[in-house]
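The same chain A turns up in both complexes below, where it pairs with chain B and then with chain C.
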Partner chain A sequence: MADVELRALTKEFPGGVRALDTLDLTVADGEFFALLGPSGCGKTTLLRTIAGLEAPTSGQVRIGDRDVTGLVPGARDVAMVFQDYALFPHMTVLDNIAYPLKIKRQSRPERSGRARGVGANLGLAALMDRRPAALSGGQQQRVALARAVACHPSVFLFDEPLSNLDARLRLEARTFLKRLQRELAVTTIFVTHDQAEALALADRIAVMEAGRIRQVGTPREVFGRPANTFVANFIGSTPMNLLPGVVSGGGVAVAGGTLTPSTITPPTAPGERVIVGVRPEYVSLSTTPVDGALTGEVSIIEHLGAVSLVTVEADGALIGATVPEDREPVPGSRVWLSPAPGRVLIYRESDGELVT
Partner chain B sequence: MGWARLPAAEPALDAVATGATAAPAATMPAGRAGPATDVVGLGRWRALGFVTPGLVLIGVFLVFPALWTLYIGVTDYRLTGTAARAPQIVGLENYRRALTDPTFYRSMWLTLVFVLGSAVLGQNLLGFFFAYALRPARPAVRRLVEALVLLAWILPSSVVAFLWIAMLDRDGGTVNVLLGQVPGVAWLIEYPMVAIVVFNIWRGTAFSMMLYSAALSGVPPSQLETARLAGASTGQTLRDVILPNIRRYALTNTLLITLWTFNDFTPFLLTAGGPNHRSEVVAAYIYNTAIVGGEMGYSGAISLLVLLVNLLLALVYLRVARVRPA
Partner chain C sequence: MRSTARAVALRVLAYVGLGVGTALFALPLLWLLSTPFDAAPRYAVRPPSEFTLGNFGEIGRNPYAVSSLVNSVVLALGTMVVVVVAAALAAYALSRVRLPGRDALLYALLLLSSVITGTAAMVPIFLLIFQLNLIDTRAGVILVLSGGLLPAAIFLLKDFIDTIPRSYEESARVFGASPLQILRHIVAPVARPGLATIAVWTMVQVWGSFLTPFILLRDPTKQPAAVVVRTLYTEGGSPNLALISSFSLLYSVPVVLMYLFAWGRYGFRFHGGIKS
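Moving on, here comes the complex of A and B:
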């Protein structure tokens, strides 16, 4: 059991690519922590640097009260689950789970007993003598987890652990993974490019872009108040509306209308160019005129199950709003959109940072 | 089934066929096999025309010599003399003679030593070592070493044999000059087997190196990293991850280089089997028997025996390759 602390961590690959840029981060003991970002953002490099599979160019990695920056992976007391599970094809499930214990010179009965115990907890009891090739993807994933669990590390590192499973199985494995982490209470850092997965699993999320952390926060914070337009764009299964606007008088001129102070806190100086962000889930749609609402024509309706995403064209801008499945407007009709009070975010246009 | 009846393609194909010659496809009797029209529109006879040169070459240079060897193996056919003009059938006499001939057994034993020493151990291990050691090397270093090793493989046998004779010469040879003794050791005379084994390792390691390079690059990095995270040493990683992953490649490689080395004639260019048969591997023995000794019939019988040994080796390897580890 240990926390993980990164101090001014930098990783530069030969050729000058900066995968990690003076990164500071503390993951608390027992926390389930997600590194989220698009491909190439450095999240996997960060995970591999914590594991010791990559050496940082500068900076420090601390696990518990130890500085492990110079230690080989095997001395760091971490266990990693790879995206492809990395099971040894020529070993049985039992031998795979027991492998790290074998390297640690545990006797055969001791390590077999422990591997069987962990395997049984993860529902693998009937499969212990099979080889990985004779297992389904979900079973292979659990064997990889069991191998990590069996060596009782102080930190788990998961590299996209669910991305090789099909969509249905992924949801089950997600729930399973979260329960397992709760029970073991071992500090866990996992990498994902799937924002829904990060929101569902993590206690806290770090959203990364180009080797930097753009925001760290709980799923609620990251979803509800993205710190900048990058995070706003990345988080959420329906993309957030990000509309260019200009501060004027008591409100913001946007998409042919004006959002008045009743729905937003007026920011900064009049005349400043801003970007107004509001999630489609927080936009209410009306087929009758509403005071102070933006108005436009319905162009597209997408069915998302219990709700539908309606895209409205308002003065050249496209604005999304979700409506219950039985309240869909007619395509081409005129509708009025009003954002929920307190849910409108204002970003500076110059650097994309949140103003209020 | 298959290509014979493609209704959509047929008219166009016929047009192509009739345009050039007297419509071979159209004038073919429509037998049970259907009209001889194929997707390329050649027709049976022109297709045969394209295949014939290849078949003739294979027949003349592969099938005929093989059958001819079978035939002369049961005769007393010689290069010169009466037996050359009118060879007599002697039945299995040549085979009886071979199986009771100590020189034949000695050549088989020398071949075994040659194959084990230079191929199964030498090329295999050295090739794996090069491939393994060059993985973390800088690309420039890797390419240079690979190029040098490959050079030994692609040069013509007669050229490298001459180079080695010059290198191992007693009076002015490079090795003796380097050792600072002129005249020094007559390597090819005093250590003929060692010489051809070392020569063949040098000559053939490139293939094993390339094959193992490919095999090693196929070992999933995540498995290697899992071993690293578990704290496995280099030896443990080799034993538990790398070797099990490249096992099949190793068997294939061993089979190929075994058969190649078994039938390799190049040692003859260095030592001619001598001195006094001390490096006379079967390939050299057959040559010495047939061309130098003139006993074509006897050498034909030996060749067939060697072929059977080759088949046996191949079967053993294929059998081993099929068995899954317990």
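Moving on, here comes the complex of A and C:
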């Protein structure tokens, strides 16, 4: 049990690539924490630096109240699950799970007893004598988890633990992982590029871009109030509408219409260029004229199951809105779009940061 | 009709040709299998006129035959240990550490290795071993043979170790394993098929090598079987067929056994880390 604290952590690879850029972050004790970002954003490097597999160029890693920056991985009291699971192919499931205990010089009966106990908890009791090659992807993943659980670390580090599973199995494994973490209450940091996975699993999420953290928050905060256009773009299974607009007389001129102060708090000085962000889920669509709404023509309808994503062309801008599956408008027809009150976000165009 | 007849004739001709070719290559092998058991050994390939095991007694009566087989085993095992240990360490390092010009180095070594144990380098090698005071020692032979075999062994093993995912080692490191433990528990067992292949290949190469031990070993009691086999004559100066045939059979058995062992166990395939 321990918190993890990173202070001004920087990692520069030979050749001048900055994978981590003076990064500060605190993960609380027992928290399920996600590092989320597109590939190449430095999230895996960050995880490997916490594990001790990469040495930071400068800065500090603290686990609990210890400074572990200079310690070898084995002395940090962490357990890591790799993307390919890294199960040792020449050992049985039992020997794999018991391997960390072997390193800790536990006696053979003691370690195989504990490995069997952990394995049984994770539903592996019948597979103990198999080799990893004889297991399915989901079983291999559970063996890798069991091996991490068996060594009772104070921090778990998971590197894309679900990305090697097929889509349906991934949902099952996701629920399993969350329950396991709740039961054990061990501080867990996991890396993912899948925003849905991060939203579903994590207590808090850090969204990363180019070695920096762009936002840290609960899934609700990150989804509902992205701190900048990068996060707004990255989070959400349907992309957020990000429309260029200009502040004018108590409203914002956008997509051929004006959003009035009833739906937004007008920001800063008139004439400033902004980006208006609103999720398709928070845009209501009407086939009859509505006061203060934006209007346009339906161009594309995409079926997403219970809802459909309607793309409307309004004065050159494309705006998405979701409607229930039985209320789809006719393509080519004129519709009126009004964002839900309090759900419209205004970003400065210059740096993409949230204004209100 | 005529074309079918032609096809049949062609086919018959092909089979006859293949049969003759096979017989040509089979004859020496058949001779090797039958002559040692013939009471009156001759150059002819024929079933033993009178079956005997007496020819193998000749080996015991020759002053150098038995010791030469022992010498061959010593040289083969010695070279195998040097090559496997050195090649494993070098290949592991070359696979895991990024060195500028690493591939160029490997290819240069591979190219030079065919020169080193070849005839071209024999004089300098002889002088080198002479200055090291290793003439007429098994250590000298083992060192020269190892030097010749190492580049190819490193090359093969590096390719093999490249296929072992680094995450195995990193995973063990996070669990607190020391470098030596990682080598013993993870890398060596996973690389075992590769190491075994190199070991068998090395022993077979040494077993058949003639020139290097012939030049570097003066004392006939230290010479290996491949060198001694050329001295198996009667006092009259004619080849001692009884001795040559039985000795040759004994000499080839270990190579066949090693081949069968490696083939049965690993099928001469390389396989590394799993990717499912």
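What we mean here is this: the second predicted complex is superposed on the first by the 356 of 356 C-alpha atoms of A that agree within 3 Å, B and C clash if a C-alpha of one lies under 4 Å from a C-alpha of the other, contacts with A are read in each partner's own complex, and residues count from 1 in each chain.
In this text, a contact is a pair of C-beta atoms (placed from the backbone, for glycine too) under 8 Å apart; a residue touches a chain by one contact, two chains touch by 3 or more.
Worth saying up front: this structure is predicted, and the values here are computed from it rather than measured.
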> Is A:99 in contact with chain B, with chain C, with both, or with neither (first, second, both, neither)?
Replying inline: both
>> Quick check for you: in the superposed arrangement, does A:133 touch first (chain B), second (chain C), both or neither?
In response: second
>> Going by the contact rule set out at the top, does A:80 touch chain B (first), chain C (second), both, or neither?
In response: both
> Counting only touches as set out at the top, which of chain B and chain C does A:310 meet: first, second, both, neither?
Replying inline: neither
> For A:319, is the partner it touches chain B (first), chain C (second), both, or none of the two (neither)?
Replying inline: neither
>> After the superposition on A, what does A:90 contact: first (chain B), second (chain C), both or neither?
In response: both
>> Once chain A of both complexes is superposed, is A:151 in touch with chain B (first), chain C (second), both, or neither?
In response: both
> Which chain A residues are contacted by chain C in one complex and by chain B in the other?
Replying inline: 51-53, 72-75, 78-80, 82-84, 86, 88-90, 99-100, 103-104, 151
>> Quick check: in the complex, which residue numbers of chain A touch chain C?
In response: 51-53, 72-76, 78-80, 82-84, 86, 88-90, 99-100, 102-104, 132-133, 137, 140, 151, 157
> Which residues of chain C touch chain A in the complex?
Replying inline: 165, 167-168, 170-178, 181, 185-186, 189-190, 192, 273-276
> Any idea which chain B residues touch chain A in the complex?
Replying inline: 220, 222-223, 225-232, 236, 240-241, 244-245, 247, 325
>> Show me the residue ranges of chain A that touch chain B in the complex, using the header's touch definition.
In response: 51-53, 72-75, 78-80, 82-90, 99-100, 103-104, 147, 151
